[in-house]
Structures are given as C-alpha cells and as structure tokens.
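We just call them A, B, C and D in the order they show up, numbering each chain from 1.
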C-alpha cells in the first residue's frame, strides 16, 4: 500500500511533542527550536497532502485513505481519509502552529526567581510539547473517517488544552498573581467541564449509532464511509426518532466546541486567561473541529434530522452573531473582546453550514480558514501589546499608534480582516455565507447582515481606544514590534490579503466536498427566478418595504 | 435443680409441658427485665450484673430446650468467664463511671427508638408468619445423650469449622496480649532524674501525705485531714481521684480534730490557733467557706458529689 | 487598449503598497512618488479617453477580464473591468482632480512627519475609487466601495492624536457600513433573482423582472448611496469628516467619493427606470438633503463645515436629478463633474486660508483676507461664482439643467421639485456669499490663538496655488464646454439614455428664475454680513439658527435613537451574559458543591450514628424480605 | 405452650440489645449489649434445633459462643488500649472517623 501520508502528518507533531518534552530543563532554546522544526516538518507533510489531493472532477470524495482494524469486536477501525474540507483545515492547522510557536517563543520561560534551582521544572518544554500534541490530535480528528476514532481524539484534545489554559497565563504582571492563577484555574476547569459534558453526550450518541447500524447491517460499524454507502444503497435507514436523537447527541458536543449561543461562556474565560498563542489555538484550531464535525458528521450521517433541526440551529446561529458582536462591543478586556467577536464569527460559520446551499457551506468552510488566520493575526498582535504593557484592559492603552506605528498598523489590518473588509479573506467567506443564507432564508440573511455593522463597531472602537488619541501615561517608551514578532505577523497578514484577492485555490479544493455534502442532505441550490416568475421576488420586495 | 425436673419429660410433639410454660412465663419477663436493665441502668456495673442475670436465665432456657451442654457452657463460659472479664475491665476503667443521660447526638434517640421498634415489630411479624403449630422434639436426637450427639456432629460434619474456631481463639488470645502489652520505648527514668524534673516543674516536692490520717479508719480512699480538719485530696491515690471515688470525710471527724487541737492548746495555755484558711484546692476552698454558714452533713455530702 | 485599464488601477495601488510598506527610506521622495503615480494613471486615463473618442458611440465600451475571483457553483465573481463613457467621465475626474490634490498636498502637508503615509493613503484611495467606477460587476464595485470607505477612514483619522479626528473617522466608517449593508443585500437580491450580479446580466434583464424585487434592489442601492453620499438619513458623518486634512476633504468629501452614490444610481439606471417607486424615494431623499445641507451650510461658522453642508446640498441636486431617470442622469453627472471642480477649488482655497491662519477654521475670526492672499481670493472667488450659478460659469449650466429637468417631470410634482430646487439655489447663493464675505471682506477679526501666536496671513506656496488655479479654470470653463452642443449628454447617452419631458416652463425662464433667486440670496447675505460688522462670537439666533448650528439636531437624534439605547443594550447584555447565561452554569456547579457539602455532614465520625444507619439498613432488608415473602 | 415463644423472646432481647448499642455511650456497656444480641441469637438457634429435632442449631449456637468469646477478648483489649490513650470509655470521644 502507499505511504500513509495522513498518519505521518499527524504523527510528526506527536513525535515532536515527545522529543520536546524530553529536552533537559536547562536547554530551553533547544526545545523551542526543536518544536519549531517539528511543526515545520508537519507543515511539509500537510503541503504534501495538499498537493496529493486531487481536485479533479472525477476524483472520489475521500482520498489518501488508510484503513485498518483497531478493535475488531466493536467494529472500530483506524480509518483515515480527507475530503476537501479536511484538507483545507489540516493545512490551516499546520500553517498556524509554527506561527503560534514563534509568537509564544518567550511566553513560557520560567519567571525570574521561580525555582530555577529546581532542575526538573521545565515549563518551556511542556508548553511547546503540549502545543504540538494538540496539533497532532487536531489533525487526527480532521482526518479520521471512523466516528469512534474521531471521538477519541475529539476528547483527548481536552487534556493538553486543559494544561495549556490552566498552566500558562500571560505575564500580565498586574500584581495580583494569586487572583490570576485562580482565574486561570477557573477558566481551565470551565473549559474542561463544558467540553466533557458535550463529549459524554456524544459518546452516548456514538454508541447509539453503532447499535443502530448493528440492527440493520450485517455487522455494526463506526465507519463514516461504510455508513454513507449503506445509506446511499438503501441498506441503512434510521428510524426518524433514532436519527433525531443521535443528531442531537452529536450536535450538542459540536455546538459546545464551536461555541454556539448559549453554550459559549467558556470561550471568553479560556481565551481571556490563556496566553495569546493558546487563545489562538483555541479559537482558530480547536474550535474548528466542532464546526468541521457539524459539516461532516451531523449533515453526513443524519440528513433528515439536519433538515428537521435547521430552523432552530439557524436561530441560534443568528443569536450568536448579533449577541456575540454586541457583547464584544461591551467588553473592557481586549482578549475577551476578540473572544466574543469569534463567537459572532462562529455564528456565521454555523449559519453557512445549515443554510444548505453550496455558497453557504463553501463560504462556511472558507470562513473557518480565514477566521483562523485573521483572528490569529489580531490576537497575536494584541498579545504582543499586552506583553509590553502587562494589562489586558483596553482603558490602559491609548495613542499606541504614535509610539509603535508598525504594531498599530498590523493591529489595524488584523482588525479590518476581522470586520471582513473586502480585499481580505474573511470578506469573501462572509459574503458567501450571507449570499448562501439569503438565497434560501431571506430574513435570516438580512438579520445576519447586521453583523457587518456591529463588527465595524467593535473593531473600530477597540482600535480607537487603544491606538489613537493622546499617548497614555506609561506608554511613552513602548517598543515597536521586534523582528521575531514581525516575522510572525507579516506572513499571516500577507496570507489574509492573498486569500482575499485570490481565494481560487481554496475554493477549488472545497467546492467538490461541499457538493458531496449537499448531495448527502439531498439539497439543491435554489434556482434564480429570472426572468419574470417573481413569487419569492415579492417576498424579497416585501422584506424591504 | 428444681428447674431440671420438667426437662425429663421432654419431647412432646405438639406442646410443651405446663411446667415449662410456667417456667417460661416466670423467667421470660425476668430475662427481658435484665436486658432492659443492661440497657437502661446508668452505672456500668449494674448493667453488667443485670446482663449476667439474663444470661443465667438464658442458660436455663437452653436446658429447657434440651441443649444441656450449651446450657452448662453458657453458665460457665458466659456468666463465668466473659462477664467476669467484663467486670475486670470495668474495674480498670472505673466501676462507678456513669453515663450522663444527656444525648449528645441530635436525633440519635429517636432514630434508635424508631429502628428498634421497627425491627421488633418486623421480627415479631416474621416469626408470627412462620408459626407452625407443631414441632419435633429432640427426643431421638438426644437419644444417645446430648453431649455425644453434639460431639458426633462436631467432629464429623463440622470438624473443619471446629478447627478454624480453634485457630480463631488462639489468634484472639495472641491479639489480646499484643494489644494490651505496652512496648516501652525509652529507658526508665532514674530516681535522680525524676526528682530533678519534679523540682524543675515546681510540683509537690516532698512525698505526698498518707491517706487516712486522723480519719476514723485508714481506707486508701479516705483523704487525710489538714490541721484545721479540711480533707486534702492530695492524699488520695490519683486513680481514685480520676474516677472520683474519694470517700467522704464526715463532719464529726473534722470537728473532733478541731476539738483535739483546742484541748491541747488550752492544756499548754497557748492561745487558740486561728482556723487557717490555707487550702490546697478550690474545691475545698468553697466547701470550707460553706462550712461556716450552714452545718448540714449529707447536704454537704451530695454537694461534693455534685462537685465531682 | 483594454490592458491599460488594469494599469489605471495598478499605478496608484503600487504607490500605496510602496509608500505604506516601504518604510522610512521613502520619507524623502514619498510624496513625489505618490504624485507621480497619480499623474501616471491620469495620463493613462487621457489616453484611454481619446481611444474611446476615436470609436463609434455604440462600441465605446472596453472591458478587461483579469481572473475568476470567487467561483462557487452559480456564484461566479470575476475580477473584470468595464470602461464605458460613464466610467470614463469618473476616471478622468478622479485621476485629474486627484493628481491636482496630490500636488496640493505636497505643500499642504509639508510640515507633517507622516507625509509619506498620507500619500500612501491618498494613492490607496485613488486605486479604490477607480476600482469602484471600473468594476463590471456589483461585487467588485462593492470592494471598491468599501475600499474608499477605508481610505476615507484612514484619512479622516489621519491626525489620530486628536480624539475628535479618531471619533469622526470611526463615525464615518460605521455610518458607511450601514449603507454597505444595503449594497450587499441588493447584491443578494440580484443573485437570487438573476443568478448573477454582473452589470451585463442584471441590467439588461431588469426590465421584465417583478417590480417588487426591483424596488427592493433599488431601495437597497439607494441606502448604500445615502451612506456614501451623505444623504438623509445617513448624512451625519460628513460634517465631522472635516476633521481630516483639508486636501482630503477636497478630494474625498467633495469631489469624488461622496459622489459615488450618484454613480451607483446612474449605473443602475435600468433597475431604477423599471422601479418608479424607488425613483420617487430617490427624488425625495435628494430634495430633502438638498434643503437640509443648504440650511446647515447657512449656519456654520466653521468654514469647512459650511462647505461640507453645501456639498451635501449639491449632491442632493445630483441625487434628485438621478432620481428623475433618463431626464436627469446626464445632468446629474454633469453637475457632479462641475461640482467636482468648483467644490474642490473651494476646499483647496479654504485649506490655503487655514494654512495662512494657523489652522484657524472659524470664519468669524477671518475677515479682510483678500489683500493678504490674492491668489487664493481670486480662485476661491471664481469657484464661488461657479457654485452660486453665476451666468455662463459651469454651475450655472449644470444646475439650470437639473432645475429644468425637475420642472419637466411635469405636473404638480414638477412644480414642487422646481420650487424646491430654486429655493435651494437661493440658499446656495446666500451661504456661499456669507462665506465669501466673512472670509475675504470686512475688517480683520483674527486674534492670537491658544498658544498666543498672532496669525500673519500669507499666500500659500506654488505647489498649492497651482492646483487651485487649474481648478478655478475648470470651474469657469467646464460647464460651457459640456453644454457646447450639449456634447456631454450625447457622450453619456449610450449609457444613461436621454429623455426630454415637456416642461411647463421654457429653458430660458428657468435660467432667468435661477439667476433671480441667486441675486436674492446674494443680496440677503450682503445685507446681513456685508454692511454691518460681524460679531466675533456668534449671536444666539432664533430656534432654526440654533438647530442648524447643531446640524439640525442630526447627532442628537442619532444619539437619542441609536447610540444611547445601543449602549444600554450592550451593558445589559454584558450583565445578562455574566449573571444570566454564565450564572446558570456556575449556579449548577455551586449547587453540586453545596449538595456534596451537605452529604458530607452525614459522616460525623460518631460510631453510634453509623450504627444507626447500619441498623436502619437491617430493618429495611428485613422489611424487604418479609414483603417478598408476603407477595 | 409452643416453643415459638422462645423465638419471640429472643426477638425482643435482640431488639433491646440493639437499642442499647445505639443508645449507650460507655464502650463496655455497648459491648455488653452486643453480647446480649448474640445471646438472643443463640436462644433462637437452640429453639430452632429443638423445633426441627436436630442438633445443628445447637452446633451453631456453640460456634457463636466461641466466636463471641474471642470477640470479647479482643474487643476488651482494644477498649483497654483506648482507655489508656485517651482516659475515657465513651465511644463518642473517639470520633476521628470524619471526612
């Protein structure tokens, strides 16, 4: 059989994690370079996946597949394979991690006077090892086509994340160390509990799925591909109630992971308390697993239930969009603001997924990528700023633009990308989502569009309060971006702009996958009603008069 | 042996002899009373005694039920050995140590009462349910003699259990000795050291006064009297003091001592020594303070009782 | 030839990239580089213009397809350009005026250490604006649309150390965003209706599509136009936008960007023609804004804000004309161009005045400046005459045409529109004369500023005066040239179409009437400001005056209706999220904690209570067994 | 009369003993109550053996006695030890079995 590329991609960071963790305490720099190296190796593999992936018309849906028995008695297989969405997201993960490592280069150095005598104390090694571990698990869950395999990594991810959030706060250094530690622990526990609840419900659903398949097929299976085929050939037909319950079980877990109102409150805590790279890791990488899984599992496995749930899900998504944006406007803490902005964006993603149009879902997938990169840019710059001043409170800043113009500039670009300005990646995706939604659910589309204005508000308010105006006391000597920091941010910004101007490569990868998903849920795009027949035209008109 | 008389006419199929019935109806209530006594009497000794009584009665019941061997064992082992053991320990711990009737655990009494009542009712109901009119006596079971019968069973069918219980007993004995035997970790203090630390501690340096001085009799639990006739508890053994078993010194004794002092004083033509208020424990301080204003002996006695 | 179109945009874009990324090395040459690239794209524009002139009127449409931008199923967005007469007009205006203003800024921003970045932003603006007018589909237009919004945001807030500037910039961007929502919804509707949003599919198919849909699209487009062109109800940002450097106000907030709304309406002519209701709304908006701006313009003491008011009102004219359909499109554009000249001229003049007066903007502290800065006075004066519609200057032609078109709408509507526009003309004459008198005539009223510097007005350097002169020439001659055999109409005819309604009044009468009201307005201003001395501190006038000074309470309205409730809402939601949503979660956790705390009490360590529980257990077991046996 | 009465009696004794265990605080008394319960059980066993006409019940009672003896020995030893360490014979004083 051919070289197991996906396994290699997932394995590289795992090995890297072990290697990094093994570095002796004194050799911090070695650990850092080691971690960076392995993340780059992973990136290499991911690019190989990207190249090997055939976007041609005749190409089959899941490619680079690997399949072995894992636990035969329970029909669990080690089964990997990627469709366009998976490829794109794996690429996103592999691209982001090196930047995160670069951004967090000094975040995990032991603080002065923090028991350097104790030789076994190696926070730095731990930090980077954990990040690599998360990367491995995320890639694995993007590549897994066996529901149970996916579940395992979906849950295992929580462990390193828990330690990353609880163990490494940013050096806000505002005196009250214990208070921060308490906050951090609270955030970490909250994150863990929230996701565990979802995960356990999902576990029940996963087992339920196995039972349901075992009832109808010769032997029960967890394999997504097998189930899809069986469903296509009509061998497998879930009872309506069964399907709906299973759907809910899966959806709850994913809705928590990709925080959907009202299950979102863990995100602001987690992102606020953790260091900027970890915050990016949460929102840009880990949470994407949730939305990705909605697209692949909820829709793929339970089409009928997905139709059934669509109205509710859309409503929740809309609430998330508006609610998240409004709360972002109301925040005093930079990182929490970005977190709430992300909640609003996840609303858009879910909206696009459940609009069940090729624009909507394609847009949603692009949105996952673009939001990842844009938020990374914004959050990392914010992190640099915070590490300089030692405070997350917006009111502590002002006039930064005068003392650190480059920092301010990058921050502005990140912000503009976040408010999805045309010419940046997020615009394309957001517009696609909106078009896709509007073409089937006009009211929803219009309500969601209000998010455009709100986004402008929270981003520009943030920029105005921190960057413009007279220079706040204590910021006169604020150093501008250092070379390392610039090297981290500049490529991200370049990427954002490139994807805004020429998203073609991405769309080519994503479109076929989306078509497949739509055929799973047997939905076609609504046809344009030109010329003449104008029934929905009337509604459209009515919307605005 | 009058109780043994009805035993000869045993093994009736449907109903026991009236004699046994009489015996039961006399002794049964007594046994129950003993049990209640065990539970309700305040002083441990009393409850121990009433328990012993119950056990004896039970022994009689065994005999009445044709378990001659057990009856004897009951008397010898239980009433003889076990209860005596209990009494020894009681002596060790304090014979007259009493429970205060105040229940410290909230709701304990009610729960206990509820449970007890419930269990009683249920057991009664259960037994009542299981009542079968007739019963097979032990006539042929005891045909070869009760002890022989037991032995034949014990050494055939239950031989393993028997051995095991033997081992159990051995272990119990060893365990008991181990538990109660105290390992001395440091060497004994020499007398010198003891006296030295006594002086350092500023405790009573000279040897303690002997009990019973000037007392009507020299029981070890009778405190000696100070020159003014106030009893000094220092003279009584610490253990007794701990158990609160210091005997009362009766007022006459005190007065008599005082009188003797008086007389000798007048004989030598000395001025009467003033009654010193020098006392060695607050307990006696207020007591002698009371001596002045009221002179009621047993009232005084029960007051000291209360003082303990 | 087509390939030049992309270069048209590429030149300033390159400039922007170089200047913004280039860093300090370019500080010395940056401004010249920017100006040069602007000039380059102007030259290209001229070349293309003559190329178009060389062709037949019918095939004067060049188009260039660069690459497919966002292809998702039916959603096919391309990066492709289309250059027709309408676009060409705009391109010339943008690049021409743009270049001039670049030149002007070289002098105007001389003492600003961030001049390089300023020119970067200006180039960015040019690129975006060109993209806007050259796009061949609405989505790409949207990109340019937001691009100019961004540029204007950056330029308004260029002096970021001033909180007022930062706030104004934010306000402008947000208000524009509201309009953009309109544009995007319009695009959604087009996509759902026509399956595309390229001009050449949407516009031809417009006729024959349900009117309701078209009305919807039209209204949404209008909303967008209102945002960009500061029309009621989204007008509030323009006044504050004057916080930016004056050359910016001249280029973006007078000549080009704010007129994008008119471009949008004109470009979507077919849609609006097929949706009369939408047109009516457009007309109403135009008329209202026309008066609104004029009234505000009359009351302001800040010279730039007064000019901003006038800009609004002039764009109101254009909007109204555009709303008239084929009757007015051509004249809307014509007025747009002439206005581009004279209003830019006016702003540059104002800038030059401020340049000489230590950035003093209060006209009541000017006075008698004509002898101190003659060139400025001359150019400003010419532009002034042009805008008030002095006969045979450019304003005269374009405005009269619009008024005439208004009358020829026919019926009571026609009379009404004509009347309104005449009133507007009178007001225009009034407030412009007021500005003129307050600034250049009368005795000097200036005083030392806050730092005690006595301003000593002086004429501005050549780099500033030259553009002013050029624009002055433009504002004098443009109208006349355009009207020469109504060349302009015929130039635009293929795009907008031409119609001539039957006006109740003849063309000549309209001109006479317009001139008449102009004279009245000037006289009114003269009587108020020319004859008696002007108080340095504005008197509290009547209610209308005071309202007008506060921009007719637009900000108070927005504050009361939008901002304040918004604040309360967000604060409330923050509270709800913390106490409500999060409270539920933490509450559950706390509940479990408390419960276990209670249960812990049972383990009180007293052997007897354990005994009780065991005993109770026994009782239960016995009971259970008995029950089993009972049943 | 019928030997069942012995059973009723033993039930009563057992209950009383149990209540004693629950109510008394003095370790020794408590222990006696346990003995009382054991005896009650024995009475029942003996009675059963009589009713069924075989000696197994008595054997059981015998074993109970032996075990009880062993238990008493060890138990009392423990009591003595506890008393030594904390000079008290009250169960409630040894309440360290808390969480």
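Convention: contacts are C-beta pairs under 8 Å (C-beta built on N, C-alpha and C of every residue); 3 or more make two chains touch, one makes a residue touch a chain.
These figures come from a predicted structure and were not determined experimentally.
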item: Joint neighbours of subunit D and subunit B, given as chain labels; value: C
item: Between the pairs A-C and B-C, the one where more C-beta pairs touch; value: A-C
item: Whole-Å gap separating subunit A and subunit C, where each centre is the average of the chain's CA atoms; value: 37
item: Between subunit A and subunit D, centroid-to-centroid distance (C-alpha), Å; value: 68
item: Cα-centroid distance, subunit B relative to subunit C, in whole angstrom; value: 106
item: Inter-chain centre distance, subunit A versus subunit B - centres from mean C-alpha coordinates, in Å; value: 78
item: Subunit C: positions in contact with at least two other chains; value: 604, 606, 608, 612, 615
item: Set of subunit D residues in contact with two or more other chains; value: 18, 22-23, 25, 92
item: Two or more partner chains touched - positions in subunit A; value: none
item: Each pair of chains that touches, named by its two labels; value: A-C, B-C, B-D, C-D
item: List of subunit D residues in touch with subunit B within their complex; value: 1-9, 11-20, 22-26, 28-29, 31-33, 35-36, 39, 42-43, 46-47, 49-56, 58-59, 61-63, 65-74, 76-81, 83-84, 87, 89-90, 92
item: Residues of subunit D that touch subunit C when the two form their complex; value: 18, 21-23, 25, 91-92, 94-99
item: Footprint of subunit D on subunit C - complex, ascending; value: 600, 603-608, 610-612, 615
item: Complex contacts: residues of subunit C adjacent to subunit B; value: 604, 606, 608-609, 612, 615-616, 618-619, 622-623, 626, 629
item: For the subunit B and subunit D complex, residues of the former touching the latter; value: 15-16, 20-21, 24, 28, 31-32, 35-36, 38-39, 44, 47-48, 51, 54-55, 58, 61-62, 65-67, 69-70, 73-74, 77-78, 81-82, 85-86, 89-90, 92-94, 97, 99, 103-105, 108-109, 111-113, 115-116, 119-120, 123-124, 127, 131-133, 135-142, 146, 149-150, 153-154, 158, 161, 165, 168-169, 171-173, 175-177, 179-180, 182, 242
